[in-house]
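Just dropping this structure here.
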Amino acid sequence: MLVVMQAQATEEQVRAVCKKIEAHGLRPHSIPGAQRTAIGITGNQGLVEIGLEEMPGVQEVIQVSKPYKLVSRDVKQDNTVIRFSAPKGGEIGIGGTELAIIAGPCSVESREQAFAIAECVHRAGVRFFRAGAYKPRTSPYSFQGLGLEGLQILAEIRERYGLKIVTEAIDHESLDLVEEHADVIQIGARNMQNFSLLKRAGRAKKPVLLKRGIAATLEEFLMAAEYVMSEGNYNIILCERGVRTFVDHSRNTLDLSVVPAVQRLSHLPIIVDPSHGTGQRTKVTPLSRAAIAVGADGLIVEVHNDPDRALSDGPQSLYPDQFEELMSELRQIASVLHRSIPPQSAQSQRPQTAAVR
Amino acid sequence: MLVVMQAQATEEQVRAVCKKIEAHGLRPHSIPGAQRTAIGITGNQGLVEIGLEEMPGVQEVIQVSKPYKLVSRDVKQDNTVIRFSAPKGGEIGIGGTELAIIAGPCSVESREQAFAIAECVHRAGVRFFRAGAYKPRTSPYSFQGLGLEGLQILAEIRERYGLKIVTEAIDHESLDLVEEHADVIQIGARNMQNFSLLKRAGRAKKPVLLKRGIAATLEEFLMAAEYVMSEGNYNIILCERGVRTFVDHSRNTLDLSVVPAVQRLSHLPIIVDPSHGTGQRTKVTPLSRAAIAVGADGLIVEVHNDPDRALSDGPQSLYPDQFEELMSELRQIASVLHRSIPPQSAQSQRPQTAAVR
Amino acid sequence: MLVVMQAQATEEQVRAVCKKIEAHGLRPHSIPGAQRTAIGITGNQGLVEIGLEEMPGVQEVIQVSKPYKLVSRDVKQDNTVIRFSAPKGGEIGIGGTELAIIAGPCSVESREQAFAIAECVHRAGVRFFRAGAYKPRTSPYSFQGLGLEGLQILAEIRERYGLKIVTEAIDHESLDLVEEHADVIQIGARNMQNFSLLKRAGRAKKPVLLKRGIAATLEEFLMAAEYVMSEGNYNIILCERGVRTFVDHSRNTLDLSVVPAVQRLSHLPIIVDPSHGTGQRTKVTPLSRAAIAVGADGLIVEVHNDPDRALSDGPQSLYPDQFEELMSELRQIASVLHRSIPPQSAQSQRPQTAAVR
Amino acid sequence: MLVVMQAQATEEQVRAVCKKIEAHGLRPHSIPGAQRTAIGITGNQGLVEIGLEEMPGVQEVIQVSKPYKLVSRDVKQDNTVIRFSAPKGGEIGIGGTELAIIAGPCSVESREQAFAIAECVHRAGVRFFRAGAYKPRTSPYSFQGLGLEGLQILAEIRERYGLKIVTEAIDHESLDLVEEHADVIQIGARNMQNFSLLKRAGRAKKPVLLKRGIAATLEEFLMAAEYVMSEGNYNIILCERGVRTFVDHSRNTLDLSVVPAVQRLSHLPIIVDPSHGTGQRTKVTPLSRAAIAVGADGLIVEVHNDPDRALSDGPQSLYPDQFEELMSELRQIASVLHRSIPPQSAQSQRPQTAAVR
């Protein structure tokens, strides 16, 4: 174990940490450096229990044998910001001050549906459009997505609205096509440890949105990102989307504590998916607020103009007016954390295509 | 199953629900009432899948065989507000517009410690002081609390600062004493299904703060409250404090989705404990923000003037200055949800007794 | 960490362990003793990963900071056998070569029901009768047991059949009565961390059957036993009864791996409850076989003469003829592990009172 | 819901079920058939609670909306037996009376290692050899398998010992090669919902060994098999290998209750992997016995001639002599369930290459 002190830590603080280590029967080895002091520890493990992380002057407590490298803040201290050229010049970033709200339907069902929803999320201030063309479904008999046709519709939406396209790839073949047509390649929760696909994504030229597996530990999640990075693609957005527990009042249990945990260990941005994380529309709004309040770098949220007739995931999709209201709340909460969400776009009359609730 | 329509639901909305029920091979039975229409369903279960809850005009979908009664919104539609007389006249409530922030150390360790912390949380605008006199500890060899002496110190703190006292009872004997000395009787997570203790709490004259068991389902949690209410004590504050999952980056997994789930089913107030819910100081602040953003009625949070020397739970206790900063953020988030937190008290200079971080 | 070598470990084996420790960047400290060598390790934690436990000559790898003492094999190497005087002279033991099969209904419902079931389990070779007089029920509106009247019926059964009585205590008051009337005091899963009740059980003169809490780690389970032992009662039978997981095809997930895990760390006997562990009659028989095959010291299993009309837990109770068949299978499996189960009693005609399936 | 009565169920039993349904406020619809009576139920869901499954004369309670078809016993009542031609004529089957023991190292590390282990498992009476040529590893920096070279070594082993080869495919490319060189294509837990790979396996000419995902429900597990079958490959062996829970004393929690649960719903054979299911050698033996006792159709178990130097999963691999002893115990337990395991082969002297423990 290694305790890394802050650059400005005082000698007294270093001594206090050493003393606490000794008080627990362990041996501290002070290692002064050019910029900051590190303290090696020998003797045993119960360090979380000792609470060194919380002492004044301490920057981080590192398990020396940490298996991930490239994803780690040890390698890169500053936050990674994934950058995209903005439609009218300038840049959009994920991981910077501006929060990334990625919105759209679960699946592209038709050109009309996709455009209607794109219209309304664009109007609400959204810059990233999500919609699946390839759907991993539990049953082989369920709707599996429009495939290439879906991707082409999404590409049209980018042209029309300047929205960046986020869509899932489920195998090598679809990844080739997604890489060609979309702006961000999504790897779904079920494929988080499909290492063959991760490596392929690591050779792609587009950023990767990597969802946490339904039972993935933090370490496994970061190691999946390491797979992508180890092939050369450094542009990864992590995404918490709920884990599987005994809890039966929501489809999954959204683990918001993973957000500060990731931010401590890794420089990569992390966003939250409250739609899959809860599975119920009535919980999407409160958990979206919570995700921004906990410090996530953005959301990926399902919005549908007619959820009751959606081909997939209707019950967890927001109505357009619910989404607009949510965006307004999120802007206020973001500002408490000194972050921002783009305003509604100019022509902000209510969408004509959206269902009235 | 019973679908309860909103009072203002239109006939068209009722028909739409019936049609959807039929489309799933089930049979709807419309039951018009004086104020609102209900729709009985026969045929089968997959209702969550049908997504009726999310349709326009639908108020609630009720499982007819729901085992809880008194805790349910079926019995009492309006939110329960637990009321206390304010020190300078007027009232304080838990479950109303003003959020309840309950703060203090894990344990009363000494008169000095307790007063120092009470001083600083009072100054920060807190109205409820928490501190354990009886501690349920995993090991029989750990500090078990000061007992009656601790309760007497807490009673002095109430006198001095006008803070309402929240403290845990662990058996019949300690409950007698807590009922006498404190304002709110806390039942801990480990005792959530100690039915004998719940019944005793149900005969107490003081409100009960009931923590969710570490592996309790929503139904078990509500049934525990039902035990208390079935004995005549209707003043219950529910508290989410994290559940046990495979996740290993925080001590427990804070299940914020239980907040909207409780609010849908029950009229009782629900607060969140981010300290036990995470077990790590660095996660307490972000998860506290998230808990308020999700819509909880308050927080119970550990604050200590000298966490590094605390006899219990030091690593999850906030420093006084961290807590003040948190309160300031929470006030802003509360206002987004049209709720409030009392301001800092007049003599708002920084506490002299608090450790400098 | 401390690696304890077997008494007969060779010097070569000690060197191999030291070498492996060094190969992982840690430092071994060989500590030769009168009977066996121990190897202290300094440097770090990942020892489970190193796999020292599995090396030739290694007896055990000990976390020095293990919080339990009296339950540990460090303190007492030999298995604890809980002894009872047999009805016709001699002794019955739990934890010895003979397996303890504890059988009977969930609750005492009436004198007739209890005697009918006692008759049939006695005939099947059972020596311990289980039946609840005090029932911890999730709902305050469910049948809560016959109380003292139930205990008196159980005492009569002991007189008549020579069966030892195992029954649950749920608070101090019922524990007083159970201690007086029964042979083994059961502490249920919901009370595994009711420390006040554990301490009272620790002052009782009768052995304690301690069920694992639904989300208890091995350490918490052993610490609960430590609470009882720390008050002076050393006669504890541990019981695995299923843990709560995401799995939805059985009521709980029976964790049979806890049996060898307990046996490695503790000298206390451990039995398995396949009835609560699965919640379904069709799974009780296969999981009972598995529990004996894994090496448990016995079973506690629900048998009912008329499960369809049982007041509690009918669906998980075996019919008498199923139970007899199970006993026959268990005897054969027990013999593979060099253990035994008493034979059917002499008057082995089929029970007249039992329902025919 | 549909209650299917046994063919020989009496009218009285049918009436008893109907009466019980009515007693729970539901409506039974008796549907007499040529061979057996079914009872449709309308009204609600709580059927598991009603306990109909356990009533005399009841064969099965079916959720009408069950999403799987081809894997279901509704479609095919008799057990599926996967058949292979035996080396010296005749047939070997998985799912029949003879249990399938699949043994070998985690990975093929070298020709020498693979042959040494094959020699000893063959001698112990094993007919299926397991060893990975393609390894899905959590870290991109870990040993990833010998690939095609490994497959060629395995093909040689088949030639030499007549062992059937079971090895994992991790993507389309490796599946092509595994299909060519091996006898059974293993799909690992991490790929259980890699639907693209499942479909490819469904078009393969060789049987598929499908491992349960680490957090897969029974329904998801069966749906994964349905994916394979929906493409035309009906030869599937299911495999329980432990699920992820809060439990920390074993790497995963082996869910043996899934064995009877699968056997009730599906005609496919199911085996158990105690090596990954526990992660610790000392638990592999007891849990292997338990798996056979619970009624599994076989085991897949790791054996290594020199586990301490294994390139992967050493700590969970059995030593050759431990494995021989285990086989002997398993034969005895199998016979209790009227099943068998092949005897040791003739030349049963102890292996010279195996390490002495």
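For reference, chains read A, B, C and D in written order, and residue numbers begin at 1 within each chain.
Quick note on the criterion: a contact is a pair of C-beta atoms (placed from the backbone, for glycine too) under 8 Å apart; a residue touches a chain by one contact, two chains touch by 3 or more.
It should be emphasised that the depicted structure is a prediction, and the values quoted were computed from it without experimental measurement.
Look at the CA centroids: the one farthest from the centroid of subunit A belongs to C. Across the two candidate interfaces, A-D and B-D, the one carrying more C-beta contacts is A-D. Distance between chain centres (mean CA atoms), subunit C to subunit D: 29 Å. Between the Cα centres of subunit A and subunit D there is a gap of 36 Å. Inter-chain spacing, taken between the CA centroids of subunit B and subunit D, is 45 Å.
Contact with two or more other chains is made by residues 215, 244-246 of subunit D.
Touching subunit C in their complex are the following residues of subunit B: 67-68, 136-141, 170-173, 190-191, 193-197, 199, 214-215, 219-220, 223, 226-227, 230, 244.
Contact residues of subunit A toward subunit C in the complex are 1, 27, 42-46, 63-65, 244-246.
Interface residues of subunit A facing subunit B in the complex, by the touch rule stated above, are 20, 48-49, 51, 53-56, 215, 217-218, 243, 245-250, 253-261, 264, 277-278, 280-283, 286-287, 289-295, 307-308, 314-315, 329, 332-333, 336-337, 356-357.
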